[in-house]
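The two complexes that follow have subunit A in common; it is paired with subunit B in the first and with subunit C in the second.
Let's look at the complex of A and B:
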């Protein structure tokens, strides 16, 4: 774990603004595992909130049109497929689905989560219906992930502050499915002003919640790290928390759940933090899924310029640098950051061991760098490269700027290609 | 025309495929010295902590300065009390500066020259690693060592000790200690005895000075009180005498997180244990010398703070650092006492442990793997 300056103070005070939908939307078809297949014809007309693409299986998901308009076919940008939707600005919507919250059944909740394309909005985009389908497993802790440990991002914070009541209603609804014995909010100490607000609102709604204040450390919002901080349980990577009696849900996901059941709208909008040293009009914006990065930059008064600045989709630690300005916002992007180009000078590793000190999974990242270079697959396995959660803390701290993340990605690929 | 444009213009013939492509690393080194380089990452952390290797190295250099400045003063002081000249701070300091500055210039000049040559030959960038090594080497030599010996020791240390293994970060032994060990075995008359520790002693019969370790090894009394040993007004290598100012450097290293406090504390514990054991036997002068005195004489403090903590050659794991530090301390005092021919035990101890550091790490990692396996087995036993 590592302390990183949070850089949130400027955006967290600004209320959420709504960004109008653009002329052309690029709906991302890549999901947690696999790709969605388009279920509407090219050049056909779709209404707002109509389902346009879906997939099958355990990790099934779907995506809906955030605006009415014409489907203009699929396009491949930077090795990911997007479905183009031309907005006609007529806002012709399919009628919102009505739910009787008091009599709703478990099955109805789970099927709606799937039908409305709800995915984890923390970044991994894990299908929410799969997560909550805990079956007969007893759940003792329902953790609300409000840690938002990535610097700059404050989308979850503003949601919690402005929609406390709505989020608690969503929690209450999900409790019908998982029936957890305790609800715990995980909040970083820097946001402790939320504690009385949540407790008071929960008391008014008669929901028993607890607040766990977490240290301001990265990656506190990582699922495994959060579970350890809240419950003390250290669960192995790759296992399902529900097997240990735990369900973790992100604030952004709960907001999508609220919109699904109380407004009858699918997951078509999310809150995105726009920030960074080179950004203007920073703040938290409600953005339609599929809005291209270039449109967002123009709206806030910037132009796409790949050489003088770096644009990141997501947080600065785990997000991806945008290579093509057309790529659309996906359900897991919590932020768009416009920062100066990182200045990295690679030196040799001097074995200082800082990466070992900060690794939240207690791994030895410098060994990954060594064995990825020599492609020593057995050693990569021995040092458990697959247990890495890709948080980037080691790359952040490394005084030699060794490209540790690249070594880790390469190491995982090497390991995947063999049967070891 | 801005400086940036001038440099870009100057760099043109050194670009890939151009006439002077081979010399590009040297030009790039100059460029990155003046400007922050500009590469971008696509995946992974896009922001970085402010501390990079360059700043780490500069921190060590700053931590070395108190000991170096005192060393310069002490060089003049040791000379002037023998010749009967004035012993005020400025006179002594300037005398020492005049003696030591040429050593530093030679060390940096020769060392950086080799680094540049290797960078050009191998086509990689010049590393800042030599900034520390280059200052350490003159600080651990006797003041009167001829400059050409310094140069040869530097060549040996950089070529055989470092570049042969692959350059910065790849060396097995601490390069500065490699230089000293080379000089010690190649030119023993200039590195030990009674005439090398005080400036001009070789040329002037009237001057002589022996280190405390030398005196003890010969069976004589130390001849200095504890305060002189702690403050450092005793004969010895250039900058290793003052435990007080070395502790200031140690504080800088520990507070900035650059030096491992575990290694330093482990070394003190190890040396104290060994000193106490010898005190219990007290058969000769070295064994009788109080254990806390052993911590303050010779190069023990300097070696432990600035050489044993060199991350490249030390152990990496937390437990490994403790073991490594304690063993450095134990061996240092043991070599001192058992082998009077090599009174400088700390050099031997650190070089020895440098070789064994990877072994220590290997067993530390293995033991924690085994511990986890055992815990897992116990858990499975409980559930079935």
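Let's look at the complex of A and C:
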């Protein structure tokens, strides 16, 4: 774990603004594990909130039109498929579904989560209906992940601050499914002003919640690290928290859940922080899923220019640099950051061990660099490359800019290719 | 294409790490100037100049890059080398030591960070092997005539004479190697590095605890003589050298304790000068293995402690075995052969193996 300057203060206080939907939407078809298949014809007309693509199986999901208009077919940008939707700005919507919250059944809740394409908003896009489908497993802690530990990002913070009541209603609703004995909010100390607000609102609504203040460290919002900080349980990567009596949900996801059941709308909008040294009109925006990066840049008064700036989709630690300006916002993107191009000062690894000190998974990242280049699969396995959560803390701290993330991705690929 | 993360800490790169080490060593340079004036300064300058030149020339020739040679590590090596030498060591020997340190201690390994042994100590051992007569003569420590500022009682206010002279000795004295004139300043440099997180407390604490603990444990421990300043200098600046020490905390604790133990064994085995360098160099050789054996427990992992204990046992056994071997070689005056073997090994290894990986950062 490591302290990283949070850089959130510039956007934290700015209320949520709505970004108008663009002329052309690029709806991402990539999901947690797989791709969605389009279920509408090319050039057909779709209404706002209509389902346009879906997938099946345990990790099934779907995506809906954020606006009415014409389907313009699939495109492949940077190895990911997108479905193009041309906005006709008529806002012809399918009628919002009405729910009677008081006697809604568990099954109805779960099937609606699937039907409305609700996915984890923290980045991994894990299908929410799968997460809450805990069956008969007893759940003792329902953790609300409000530790938005990525620098710059303040989308979850603004949601919690401005939609406290709504989020608590969503929590109460999900409690019908998981029936956890305790609800705990995990919040970083830097946001402790939220504590009285949440406690008071929860009291008014008669929901028993606890607040766990977490150290301002990265990656405190990593699911495994958060679980340990809140419950003391250290569970290995790849295990299902529900098996340990834990469900973790992200603030953004809860907001999507609220919109689904109280507004009757599927997951078509999310809150995105726009920030960074080179950004203008920074703040937290409500953005339609599928809004292309280039459109966002134009709206805030910038132009796409790959040589003078880097645009990141997501946070600065785990996000990805945007290569093609058309790519659309997906359900897991919490931020668009425009920053100066990073400069690398490459030296040899000096074995300082800083990467070991900061690794939240207690790995030895420099060994991945060593054995990825020699393609020593056995050693990569011995050093547990698969337990890496790709948080980037090691590469952040490395004084020699050793290409650690590269090695980690390569190492994981190498392991995947063998049966070891 | 650049990968995440896209932000970096300011002033955190490797040349800043080296700069911090140089800053920590500067007070000792000043103490050296105080004690031996330009005599000491010339040696430091010659060593630094030779080290830098060797680094630039051979990085360009052998590693096909020279930018990295200017990261400051050559200066660190040069200063540390001089700090283990007498201020009246002939200049050509110092130059030879500095060249050897960089060339055989660093470049032939593939450059900064890839070396398994502390370059400064490698340089020192090369000097000891190639100039054995001068390096072990009593004359080289007869420095009285060169002293610029004699040590005086710095605490005249204290009525207890023993205490005041003891304290004065901690702050400033004039005997010993160039880095040993002020225990207080050595400690100050160490604290600076600790504060800046350039070293962690694990190695120094374990080392000193085991070293002094061992002398306290045996009978007549006080009868053995060793240089406290030298031990401290080695502990804070050489045993903690990043490339040649383990990378995880338990590994560092073990490594530190073993240096302490091995140095102790060398002292009671009558290795009179080289105990610290031998101990550090020996453990340098095991450093990677130690990092591996003491790999931290991965998140959520169930460690096989039985296996780990077994590994530690065999590791300790091999370290102690090597200690006894070196002790025997020392007894028969054959340590020089180790250096010859080292030269042959590193030259072959460079030409047939390391050269292929010079563009790899590790």
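One rule holds in what follows: the second predicted complex is superposed on the first by the 420 of 420 C-alpha atoms of A that agree within 3 Å, B and C clash if a C-alpha of one lies under 4 Å from a C-alpha of the other, contacts with A are read in each partner's own complex, and residues count from 1 in each chain.
The rule we apply is simple: contacts are C-beta pairs under 8 Å (C-beta built on N, C-alpha and C of every residue); 3 or more make two chains touch, one makes a residue touch a chain.
All of these numbers come straight from a predicted model, not from anything done at the bench.
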TODO: Answer with clash or fit: subunit B and subunit C placed together on subunit A by superposition.
DONE: clash
Open item on the list: A:9 in the overlay: touching subunit B, subunit C, both, or neither? Say first, second, both or neither.
Closed with: neither
TODO: Answer with first, second, both or neither: which of subunit B and subunit C does A:373 touch in the superposed model?
DONE: second
Open item on the list: In the overlaid three-chain picture, which partner chain does A:339 touch, first (subunit B) or second (subunit C), both, or neither?
Closed with: both
- [ ] Check whether subunit B or subunit C contacts more residues of subunit A in the superposed model.
- [x] C
- [ ] Examine A:363 and indicate which partner it touches, taking first as subunit B and second as subunit C; both and neither are also allowed.
- [x] second
Open item on the list: Under the stated touch criterion, which partner chain does A:305 make contact with: subunit B (first), subunit C (second), both, or neither?
Closed with: neither
Open item on the list: Looking at A:350, would you say it contacts subunit B, subunit C, both, or neither? Reply first, second, both or neither.
Closed with: both
Open item on the list: By the touch definition at the top of the document, which applies to A:236: first (subunit B), second (subunit C), both, or neither?
Closed with: second
- [ ] Quick one: classify A:323 as touching subunit B (first), subunit C (second), both or neither.
- [x] both
TODO: Please identify the positions on subunit A that touch both subunit B and subunit C, taking each partner from its own complex.
DONE: 4, 151, 310, 312, 316-321, 323, 337, 339, 341-342, 344-353, 356, 364, 366, 392, 395-397, 399-401, 403, 405-406, 409
Task: Touch list for subunit B against partner subunit A, complex - done: 32, 36-49, 51-56, 125, 127-129, 166-170, 311-312, 314, 316-317, 365
Task: Touching residues on subunit A, where the partner in the complex is subunit B - done: 4, 151, 310, 312, 316-321, 323, 337, 339, 341-353, 356, 364, 366, 390, 392-393, 395-401, 403-406, 409
Open item on the list: For the complex, give me every residue of subunit A touching subunit C.
Closed with: 4, 151, 224, 234-237, 239, 310, 312, 316-321, 323, 337, 339, 341-342, 344-354, 356-357, 360-364, 366, 369-370, 373, 383-384, 387, 392, 395-397, 399-403, 405-406, 409
Task: Of all residues in subunit C, those that touch subunit A in their complex - done: 1-9, 12-17, 68, 71, 110-114, 197, 200, 242-249, 252, 291, 295-301, 357, 360-362
